[in-house]
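Dropping the structures in below, format is structure tokens.
Look at the two complexes coming up: chain A is in both, with chain B in one and chain C in the other.
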Partner chain A sequence: MNSVDPTIFLILLQDGIVNGAIYALLALSLVLVFAVTRVVLIPQGEFVAYGALTYATLGAGRVPGSVFLLCALGIAACGYGFWAERRTLDLSATLRLLGETILLPAAVLVLTLWLAPQRAGIAVEAFLALLIVAPMAPYLYRIAFQPMAEASVLVLLIAAVGVHLAMVGLGLVFFGPEGSRGDAFSGATYTLGALTVPGQALWIVGATLLIMAALALFFGLTLRGKALRATAVNRLGARLVGIPTAQSGRLAFALAGCIGALSGVLIAPLTTVYYDSGFLIGLKGFVAAIVGGLVSYPAALVAALAVGIGESFSSFYASAFKEVIVFGAIVPVLLARSLLAAPEAEEE
Partner chain B sequence: MPRLPARLALAALVAIATIPAHAAEPIRVGVTVSQTGPAASLGIPQRNTVALLPTEISGREVKYILLDDASDTTKAVANTRKLIDEDKADVIIGSSVTPASLAMVDVVAEKQVPMISLGASSKIIDPPGGARVWVFKTPQNDSLMADAVADHMAKHGIKTVAFIGFNDAYGDGWLTEATRALEAKGIKLVDTERYARADTSVTGQTLKMMAAKPDAVLIAGSGTPAALPEKTLKERGYTGKIYQTHGVANADFLRVGGKDVEGTILPAGPVLVAAQLPDSNPIKPVALKYVHDYDAKYGAGSMATFGAHLYDADLLLQQAIPLALKKGEPGTPAFRSALRDALEGLHEVVLTQGVANMSPKDHNGFDQRARVMVTIQDGKWVLLH
Partner chain C sequence: MTDVVLEVEELSATYRGVVAVEGLTLNVPAGRIVTVIGPNGAGKTTLLNAVMGVLPARGVVRFRGEAIGRLDVEARVRRGISLVPETRELFATLGVEDNLRLGFWRHRGAGAAAMRRALDEVYALFPRLRERRSQAAGTLSGGERQMLAMGRALMARPSLLMLDEPSLGLAPLIVRDIFRAIAALRDTGVAILLVEQNARAALQVAEYGYVLETGRIALQGASAMLAADPRVIETYLGVG
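== the complex of A and B ==
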């Protein structure tokens, strides 16, 4: 039983890569958000859980409670936006603010109330789930993080923990204590030698690759992407050359929200997701991001795959110690990093 | 001088106003259940059940003070102290889970307040004596359920079993009990695997179990997370029998499990299949009343057996409180100690989950009548005869 049967090896590897792909997406968005805003985005996992559960609720033909949270967050963000920018508001800025924070959630609400009962199909429901969950992230940035954008990393981290706890509690109210599964995008399974690959697994790996490619193009070629990179390199410098850093922060959060919600929609058919599943999934993404020092995308990607594969194999050989192995593996990495890295200032 | 009568009158008035209130001192029942956190699927139906309980027992008003312990041991202990010290509870019901209940045992013993736990493990009341003289529990002991599973396996010619359970107190309790029960029947446990409630994949564990080629797999999890190993086993083409525990007995498990959990066999309290019980069974009317009341308030088919444990705790109190009232007034140590004695002396009390015969040695009091074997057919629980 302990000799590695090649079939079992391949199945475990496949399982590990699919899980690793999700961790990679989360690690990516954690690095992105941290680089731009210095926020360690603990609630990233909640976007995954919200995305999955919203998609599953829509699939059951019901209106998810998260859409009302979106509206409430939109109104709060609007109120805060007016207060924060009360001295500089002109007509176009006012219209933009109203459009972003009132019109968008209102449109999503109407769309949801109209489409939810009539089971509009998997593609529409997946897109709707994205529309409901992704905009929450920039609203949360406006409400919780933008007012203290210059605070220390520790203060921002504490705020992130607060947002995480609030979102888990609300998740219980919206989705109930029991988990749900969504409908698969593709019911097909492909046989590859001894391997059976479910179509959904291909979707996950494909979407991960696509998102990475899109992000690389966005950062390399577009002005906004370059502005984000500039903010990440040096906030003050970016500001001095006229890059609005608050806007960069919202954009980073919006991307993270999109990626999180999409990950949720992608995994919902493969596993049962609970209102509090997000934290553990997010934590594994975080482990991967930490290995890259919260700044390196390639290191985070490799680490995410390693976490996924390590998890899969340890669940075969020593299932009782799976989490111990996965989280224990981070200790030597951190040790090596802190020994090898040049001493830096704790805070900028 | 002229002011004195006025004062006297006032004092008389106050005295008159307080006397009836004192005479009708209500019975205070402190409830701490896990309405949030990992055990919320147990705690929420229990919280819902509190609203169905009678507010009067033998002519006395009963007040329920409901707190949430968030599935957290420390919070459960703090709640217990608060319920006893501030709310003057005469009896505590809770908590929903074993670890929290275990931590509450010493507190209720110190304060000398009887407690009825809704946790599953027999460790809460065994071994009897010491601090546990104050502690009772309504859910069936794991050992009773494990014996039922082993019995069924032996009868159906199963020789080898693989076990996969939660990586927590529930899985631990079941592993201990199942190992003992299976050994007694001469069934071999060929592989044991663990997983976490929030795991997104159990492929590794499943492959390892299947490599051991067991006749049957026993899954020890509660609620919807218990569906994951079963779905993975089916995905990987496992064709043997699959057993679950009574922890899965709610409608959400059927919803998430879908067609993959058809044919699953599990032990459960009779309330799960109340309508299918033979009319001769004394449990049937009691269980049906609970199911009817719950569904009428929260929607058809919403009843989960976890709430019935709290309902049963109150049924025990309805029998014990009249006896205790003869010995003392609510709010006094005499009443609490008499209530404990009355609970311990209860005999043949019909509950929704079984028939209880308490004794100093057994603070659960259930026998074989408290469990039935159930299977899943066409997305419904079906009683096996």
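== the complex of A and C ==
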């Protein structure tokens, strides 16, 4: 290979880090969801696409169809919640269920119908997109995964693929086949030597670091964060001290939904997102998560950066093979993992 | 003044498709230790898991007069039942003190001072845990794990504590400490249902005992009486 132009090298590196930051966020949420619920969250990419497209639709002054999906999912989750907890439901639990599944989406719907036509500004629209997309995740957990929380990893995976396919199809209905871009948070660009850094890139990296710090504080310092870790480490132990594992699952999904939707809003200004773009983005986060065996956060973070940088360089040197190179890299990793690790019996 | 904390009537439960407990009836009064002894596979662990709600069961389970058979595990913990399982089920990657704090989950609204008091009580009972407070639970020795599992259960301040084989795999000196702690707990008013293979130690500490054989109660009576029963001596205590 010829010597690399240092400017090009820096540009590619910058691109790689920005992409890697997004993959890191997704990998983090995949590891979290898997640890707590044993669900491989295939639909994570759809939260990204929904987040991006909802944000772009709001930016165009229209009401995104996803807000109606949110309401429908809320109602379904409410119905299931009442049925599943019919024996143990007391007044406070009923009010909590109604607030979570009926009141919240209703409020978001009213807010959207009111704010969408009047172009309330980028910050409001970004926040609204989050409010519309993120709560879908815990509703989906209630509807699709909670009823079979004790099923095997494989069954849960199949359910996750089903949710993914349904969401992609509904995405086509709501957002149409053409892609969109959202408005950038910051139009500014900064010059760093030979390098031009767009403000949006700084937003992405900054938001990633902020979310990681917030998650670290949540898991390290709060009792609820520790309860989530406890559920991940030992589900039976968690039940025996009275931590409701279904609630832990919903919380993990809610965090994943927030992270996915936020990732979508962040990348919307940088790239054109289509209704089915999410899968490929989510899959790259998944590759990073797999490197850490779906359990290690630090390994997933490092791998996510490597995936982002690897993708950026391979798209420059061999753009036709970009995805092949990124996904091909997973083969030796899986080989090494299966050769090095002692065979683990799946929990029953 | 012996009000009954736990009443089990005609309880039947299966474990992995096999009927492990059948038509079992037993009571645990407040402030008493009731032990269930019996050989491996007699259904002792299944009994505790069924009372806790970990395994489904038929029959009646009443806790302080309330039928709890349809409640899930979390709701039973909230009522005041704690189980220390044979397998301990600690949070291995979390610290000792974090394990204990999570045991306080039922009372998490009670505030930091109340949690501190509960922690101090557990540390007073098991000073070893205070020394190891910041160590990961997975690095503890067998005896310390048992202390932590009991401590975590006590953080919930249960009215009924169920212990499954607390002496299993522990050195005799530590077994003595554990049983001393069990007796001390009883004196604070906690009702204790103790499942043990170590029949000698169990009958010494308990007031009342049941002998479980192949899922049914073969014998029951005051501990002193059971300890003197020729059948129990022959099968469970050995000659001595």
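In this section, the second predicted complex is superposed on the first by the 344 of 348 C-alpha atoms of A that agree within 3 Å, B and C clash if a C-alpha of one lies under 4 Å from a C-alpha of the other, contacts with A are read in each partner's own complex, and residues count from 1 in each chain.
The working rule: a residue touches a chain if its C-beta (ideal position, glycine included) is under 8 Å from a C-beta of that chain, and two chains touch if they have at least 3 such contacts.
All values reported here derive from a predicted model rather than from experimental measurement.
Per the definitions stated earlier, placing chain B and chain C onto a shared chain A by superposition produces no clash, and the two fit side by side.
Comparing chain B with chain C, more residues of chain A are touched by B. By the touch criterion defined above, A:313 reaches chain B but does not reach chain C.
When both complexes are overlaid on chain A, the residue A:270 reaches chain B alone and has no touch with chain C.
Judged by the touch definition given at the top, the superposed model places A:223 against chain C, while chain B stays out of reach. Applying the stated contact rule after C-alpha superposition, one finds that A:169 touches chain B and leaves chain C untouched. Of the two partner chains placed by the overlay, neither chain B nor chain C lies in contact with A:332. Once the two complexes are overlaid on the shared chain, A:180 sits against chain B while remaining clear of chain C.
Across the overlaid pair of complexes, the angle with its corner at the CA centre of chain A and arms to chain B and chain C is 140°, in steps of 10. In the superposition on chain A, A:243 makes contact with chain C only, not with chain B.
When the two complexes are laid on top of each other via chain A, the two nearest Cα atoms from chain B and chain C are 38 angstrom apart.
The touching residues of chain B, counted against chain A in their complex, run 36-38, 40-41, 43-44, 164, 167, 193-205, 207-208, 211-212, 223-225, 227-228, 235, 250, 252-253, 255-256. Residues 1, 5, 8, 11-12, 15, 18-19, 169, 172, 176-181, 198, 267, 270-274, 276-277, 279-281, 311-317, 319-320, 322-323 of chain A are the ones that touch chain B when the two sit in their complex.
Residue ranges of chain C in contact with chain A, taken from their complex: 52, 54, 70-75, 77-78, 82-83, 85, 89-94, 98, 101-103, 105-106, 108, 152-153, 155-156.
Those residues of chain A that touch chain C in the shared complex are 87-88, 223, 226-227, 229-230, 233-234, 236-244.
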